[in-house]
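Have a look at this one.
To keep things simple, chains are lettered A, B, C and D as they appear, and every chain counts its residues starting from 1.
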């Protein structure tokens, strides 16, 4: 069969050309009505959508930073991590979330990070306990890793458990499953080494940025960072 | 730099717009029966994608900051009118280029790869350079898929493909095989 | 790209032709991007199909009721604006109601705008017919589209995960065919379905369709 | 039959002036595969024989089903058996038999039948079947059992007789292939044992020595075009030598690259398939070098340990283009032909 070329329907000539004012007016009315409808649906759904976003963020922080009951957004300004409220943050400014327990004690930070995975970008959130100086939880927010293999980065609970008491210093290393010997190592997933290594790389890169900032703010001393 | 390379390779091979994201399938199936047309359509699309990346970045940064709900409508309107404007400009400035690419330009604006590019770049929060590199990779990937498919379909004309399979069915199966082969690029430059 | 409509026999025919005889996916091969991209599970296919149903029916109703006031020169732009508005509405509604599925469908909800089934129905039918017939026509096409999406999504999920709508079918020892939920699976399964349709048609040659309908579009 | 023969000659005429006809070349290659199959039984036991037979049966079944009404039944030319053999030899020992069977079905069904049978297919059927299996069952397809050693030829891997459509029940011990070790542990297997072949891997890819000998014989008998293996192996060697000289700790020794994985097997048996490779000598060189470059790219920078299968499939897709640019006289004057 020969493929037919696409036929584009040409508008037939109108009997009388409408004035350009009429054309512009039609478009303007259409645009106005469309804008009106769009804004209304936006305003109607905004509370639900915002509530869901805040709630899912809170849930995620609770999972990576156990015992958290409330969260606070922080940005890095003038050599310090500073708490910001909604709207005080500049558009492209990176932020992390501090988690507080029931007595309003600061537990640590939940840090979002992303990077290249096996198939596509992986976005994840991990919790850093500032007292124990350990990573205490990791959750993959978004990924397109291979089903049944790479998706074990969030489906394999043994792998996720690697991040429950992990020393981030000097850097995290992925080793072959069962060969873990030090507290800065994780067991890679058999058959999905690239995805496991990608997670490690994403966290290491993010740590290189944020740990010194946390350190500067709280005055902690790290083994491999000059004090 | 590492990041830009990965964005390019990802859009070009690993997550090829056509073979992994299913974007731009209309021209991929409709216009891929001739090699010459495929090359030109690919180049013209790449060009439009670059313009789109620029437009959507400008819109996102300067216009839509407080009105995200107008994103879809303004993307469509702005992209379509910019392409029309560019088409007129090319016609005036370079008749040769117009003859090669011009007839495809209006056709491309209705292509979902273009809107898809703008939406993906926005969702991922790409800056200007990232967006442009993304557009370049996506355009190159689109061209590659189109050219490979055109070659396959020209070859098929000489073969006795069974009547049952002819037409869209075999094109889809060939696209599936190509998509399977492109899986080999997974993880490229990700480390 | 548009079919020459024969005079409508009756309203029922306008409805049923889109569902089966002129099925937008299996017969006209239109709207390929969403068809392939979101059918990696039956649930995604269902939500996408319903969203398209809403946009297509809504746009057809609106376009057919305002068609006399829109000058010919700007009609396509007006249709696009109308469609884009409906898409924005459904986009925010889904985000509010089913955020998890919205996340999985991702960029493909805004891309309903460029699904040429929708613009095609406006241009070929709604701009020339009464509201009643246009709505029936739109409902027929979108149910046909929904049916196609569900068939693809169901098949891909059954093979690729061993489940349907998330319900496990074959027990936990089933070995999933991972390809089916990945991009190659979309192309291959649709290709095989079209092959089956061709075979079906070849068995009943008197009812064969115009081959020109096989030109695919986005 | 008559028709099939003719088609191959027409397609191959520009360079195969030495009278290769389909059945002769095909028989040659089937004979050449027998020692490879025997060696794999020696290394991996009787399981490997089961897998090869299963894959072949799958292919033959499809060929028979879709062509039983045709007078020139293509079953007779043996190409389905050849495809099944080739596919079977690239599968891991201990792969569940139902998967091997499915691979054979896809190889012939999707790789050959839908294109109109032998001579019309654009992709290597055996590798297409293998790519389908690898995509579908990544774990089973990358579980490379270690050679059986002392257990005896008649011992069977427990995973072989897995119930159809079900997962492998037992955790089989997977020996990492040399390429896996290179990619994920940065260990380089010594070239000597790669050369002899006593390493984990699919049957066909274990012994480089045997494959070199067989390839040599086939070239001498003119059953395969020498240019394609030469271009493929040569480009892999040169490219990996360049990387090796840049950083010898990061990148493997070029001999390691040559003798590991499925490269040798692909160079001798897969890339040289006359139906899915270019027509002209110049095209053969482009084809081979392209495959070499993609193989090195995927092995050194990709996420997968082995890329030669994808390299062959991807270059198969470019064969129509290669034919076009390497044969300007036969196709008129290039692009101008299609101009408006």
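The working rule: a contact is a pair of C-beta atoms (placed from the backbone, for glycine too) under 8 Å apart; a residue touches a chain by one contact, two chains touch by 3 or more.
No experiment lies behind these values; they were computed from the predicted model shown.
Ranked by how close its C-alpha mean sits to the mean of all protein C-alpha atoms, the top chain is B. Chain pair with the larger contact count among A-C and B-D is B-D, by C-beta pairs in contact. Centroids of chain B and chain D (each the mean of its C-alpha atoms) stand 32 Å apart.
With centres taken as mean Cα positions, chain D sits 40 Å from chain C.
The geometric centre of chain A is 27 Å away from that of chain B, both derived from CA atoms. Looking at chain D, one finds that residues 110, 114, 132, 135, 138, 303 touch two or more other chains.
For chain A, the set of residues that touch two or more other chains comprises 1, 3, 6, 8, 34, 38, 41-42, 118, 146, 148-149, 194. Of all residues in chain C, those that touch two or more other chains are 77, 81, 84-85, 88, 92, 176, 178-179, 182, 184, 188, 195, 211, 214-215, 217.
Taken in their complex, chain B has these residues touching chain D: 34-37, 147-148, 151-152, 154-156, 159-162, 165, 170, 173-174, 177-178, 180-190. The part of chain D that touches chain B in the complex is made up of residues 110, 113-117, 119-120, 122-123, 128, 131-132, 135, 294, 297-298, 301-304, 307, 309-311, 313-314, 316-321, 323-324, 335, 337-339. The residues of chain D lying in touch with chain A in their complex are 138-139, 142, 174, 183-185, 303. Of all the residues in chain B, the ones that touch chain A in their complex are 6, 10, 14-15, 30-31, 33, 65, 68-70, 73, 107, 124, 166-167, 186-187, 189-191.
Across the interface of their complex, chain B is touched by residues 1, 3, 5-6, 8, 34-35, 38-39, 41-42, 91, 116-121, 146, 194, 197-198, 201 of chain A.
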